[in-house]
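Each of the next two complexes has subunit A plus one other chain: subunit B in the first, subunit C in the second.
Up next is the complex of A and B:
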């Protein structure tokens, strides 16, 4: 995380300074540069944490637009985090539904349709889904809470479908294993065998997909917050990037990097809990 | 890309909403008036201010007042000062003694406004992001650089007693009283609450509103500021003496949203700037407009475009035909015969014969001049704002291109989203031959619109290099004399003479027209308008629940 903080700082701070000023007298540029130096430091590695220090001391980091403080950014982040968690739950629920349906109904009439769904979802740009959902939300006068749920659903559709495909493939592989056939031979129904035996064994495959899903949810939050005008971290970040508001971009990018790193860490911990092979490998390494 | 898509989608959505059930004009009056703005303040600290100060004005003008105020004809009248005396010292300094209006109290309802509140605020303002606005104060430069008690004492700013403020200016500044009405760094601050606090604490006092703070003197005080949600909530200042007798607005919400137009259609917003000129052809029933004290003009890179060619272009442009051809985008245009709009105090009326001395449309003379120029440039580049403007700038550029084409002048239009950044190289060299720009007044005095053409101003014409700087020196001398002129007629003549140097002798710019600003508001919302400086004015806002038809 410190490495990503320093890299982002060096990249953003050393971008050409663009200030659109309508002032009548050309004295503002020097003042603007001085303010920028105050918020961002000199641009050298030693000053990479200047924006963070300002935040921790209660000062703001917004340069071009709103003077965001730690409290402001914390509120935006909590909204995005909440939205992300709802989206994650929706994605998991949709993935489970899709995975089980694809395995159970493969031979039925709807099996073909279930095979087509991932292609349709992956082939549709996220912003298009967001546009349609935003249009529906407005047309039907969806409430404040409803629009947040809809936004979360838009965010969840792609990652959920991806997880569903990964999960169903893993389930199919498990369904061909001897223990599954033995369970069927002992009188278990196919559904029971899937849910009781195959599903837990297919969980590690899901964990492999966790990192791309987290990135996808993050990207989804940018798009959904923008189209639904939800004042979360994604919208703050996009606006800051558009205005080249380096202070906010530095802080936000570092936070995003931190979230992705923490997700990877959490995934590995969960893997140790649910995957005996991973536990054994860890013991051997130890 | 995403932003363009978003905006396009919103346009579609707005269209859909119009087909919906709600009729925008049927939206009933509400306790809380909600206003959608293109951008919200970046600070509420009117003394400290910010590099980009324009977006702060609507909120700060709602919250505060100055020593003077403006009448309907833009003339100066008493504000927080009931009266003032002006004198000149032997060394040419101008001394104003302001007598504060009795009985004015801050929004806590008990603390009186004192002269010390101005001293405290102006000293801070001089050190803030907009400090240059107060440069006319005697000793301002020394205070800004030294910041010592001696420099503070030497500053031309003294509270003689609680009710009397003495201000000494470096010289005669006829525009000073006008500036006090509008330019917010001149507003006072509650010194009794702020003295002794650190600078960080003072900034937090303004920017983290709580418990009725910051104290204000205007019609509204802030109750909450959600910077992420881009929402500013205000309530009526109970101590504001000039509130309307009936229909006073108790709560005011300012918000910034890409969905503003949609929210207006759905009755969630009561005021909205109508900044899409292409939609003026089919104006909504509640569309209103305000005349701005601002000028839209064509500027020349005088280093690359020689005087004869500049004069020929100025005469080749037929403003009447140009704007007549854009009547759908610019309804009822106010054609500019000079740089100063006739509504500006100290400007010439449109009918004044002296205006004939400035370049006007004359195709025959333009052709004759072009013949004298010699080989014409293969192409002239014209820079214009492509986005972020409430004017049809690219259509105006296209109109100019068409008018110049028959004369053999080929114009290439270049659009920008960051004008001040793109107009010049990092070393200050101008990139293009021509550009289009709007300059708006900050206060009701000719000086404000001509200030950019002084040396160090953002005129982007390089005209300070012409004749070794003699022309700009002559121009600045006229401005200085105009600022010091006590007699109105003399002042008007001096500012006209300055325009003659700029527009006729050197043809550094061609004024085209004086723009209006369009907006929509509920019929029951009275007194809410856009002032000549392009800022929303809330002071006289009231709700009249009686439907207009029933009146």
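Up next is the complex of A and C:
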């Protein structure tokens, strides 16, 4: 991701911005000069972080008429972060439910339905799942525009289902191990053995899925914020890219890169805490 | 192949037949009246014309971008295996690094570039195909690299090396032909992923223009109708998209299972 941020920066500063246009995005000669000035400043390596410098010095970035101060961007980022955290909790709850149901009900009639759910979720574009959620909201007499919870639920659907599939596969593998069979032989119920013994051992499998889940939540925020018209960072980024607003695009891309790097670091730290094998490997390397 | 893969293959043949049949009837000026009526956004176009045109564009995008990314991945994996050492490790790590970048983020940046340089509200079909190839090479490269590596451990390949057959010849004449079914499976599994990615990026406004829609672009421009009495104008596009994605996935999965069994 840091490489992608640098590449985006290099790409943006070298773009031959259109200067005459009959489209809605105004890129007059002055705008084109302003766009380049926002990113490049006076030119040279020392100005590589011009948009960030402007934000830290209290100035705004963005085209005339659509300026963003650090406070505006911070507000949008905190909304997205809040949505992401709610979505993560919902995704984990949905994943746990789906995983346990897939393991417990595999042989029943409902088992087939539980196998169909991942196909439906992975086989539909996210915005159509958002439409379904909105239609359900309408059917229950709830307004969907601006609904944070509904947006978080839509964001959670893809990553939650993915985690649920990964988790259920890990649980099935744990259920075939001798310690699980021994627990059953000693009179432990299957549900109890799954929740008390197999579940903690299947947790590291979730950590392997953390990076795709973080990416998926990020992408979900673009779609959900756009669909439910929530002024989060995803919507700010999309609108900036639509307006060809170079300064905001550079700031947002580097921020996305930072978030994904932090998530990767956090995952590695949690892995060290919960996975003894990872701890041993780290000790050997040290 | 199991019954699901066969059904998927039959669905793909029928969908391809639908696009070609529609094109042939249009050329002969013998199109029957569309049961879904006119496109509300473009009254001079019928829903059938828009949706079947969209199906054709989605198929074209998925197949060409899927083929492009799989060809690039195969070429890179072969180069990596041929040169070995640091070069192979570099390609492996590069692919892993690129794979960690969210596809949609790259496509939005490329859409931004297209708007900044060429203007307009959408991107052209060749630009979209090139963008999808650019984001789609990383995962297949790692998969093909691993496959080639495991095939090279077979006894007769070791024997070929031992009697002095050049490494390039071994890779191209002996290893690659054994990987064809696996490559085809990867290609078939890439296609639905590409079609879905394109649908989402089109919905976000960085895809094809609305007057030349793919299925995703059509759905992205008309989803509001689902909450009205005109929902029937959207349902065919959604059904075709779901059929297309599921059919490609089933055929790809079937081939992948067969390739794994043969191994």
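Rule of thumb we're sticking to: the second predicted complex is superposed on the first by the 242 of 286 C-alpha atoms of A that agree within 3 Å, B and C clash if a C-alpha of one lies under 4 Å from a C-alpha of the other, contacts with A are read in each partner's own complex, and residues count from 1 in each chain.
Going forward, a residue touches a chain if its C-beta (ideal position, glycine included) is under 8 Å from a C-beta of that chain, and two chains touch if they have at least 3 such contacts.
These numbers come from a predicted model, not from an experiment.
In the superposition on chain A, contact of A:241 is made with subunit C only, not with subunit B. Look at A:68: by the touch rule set out above, it reaches subunit B but stays clear of subunit C.
When the shared chain is aligned, subunit C comes close enough to touch A:253, but subunit B does not. Shared-chain residue A:126: touches subunit C; no touch with subunit B. When the shared chain is aligned, no partner comes close enough to touch A:267: not subunit B, not subunit C. After overlaying the two complexes on the shared chain, residue contacts for A:76 are found with subunit B alone; subunit C is out of touch. By the touch criterion stated above, A:219 is placed in contact with subunit C alone, subunit B being left untouched.
Contact with subunit B, but none with subunit C, is seen for A:58 once the two complexes are overlaid on the shared chain. In the superposition on chain A, contact of A:184 is made with neither subunit B nor subunit C. Residues 18, 21, 23-25, 27, 127, 131, 134-135, 138, 223, 226, 238, 242 of subunit A contact both subunit B in one complex and subunit C in the other.
Contact residues of subunit C toward subunit A in the complex are 97, 100-106, 108-109, 111-113, 115-121, 192, 196, 199-200, 203-206, 216, 219-220, 223, 226-227, 238, 241-242, 245-246, 249.
Interface of subunit B with subunit A (complex): residues 2-3, 5-6, 9, 12-13, 16-17, 39-40, 42-43, 50-52, 54, 129, 132, 200, 204, 207, 226-230, 257-259, 262, 418-421, 439, 442, 448, 451-452, 454, 456-458. On subunit A, the positions that touch subunit B within their shared complex are 18-28, 31-32, 35, 58-60, 62, 64-69, 72-73, 75-76, 127, 131, 134-135, 138-139, 223, 226-227, 229, 231, 236, 238, 242. Interface of subunit A with subunit C (complex): residues 1, 3-4, 8, 11, 15-18, 21, 23-25, 27, 119, 123-128, 131, 134-135, 138, 211, 215, 218-219, 222-223, 226, 237-238, 241-242, 244, 246, 249, 253, 256, 260.
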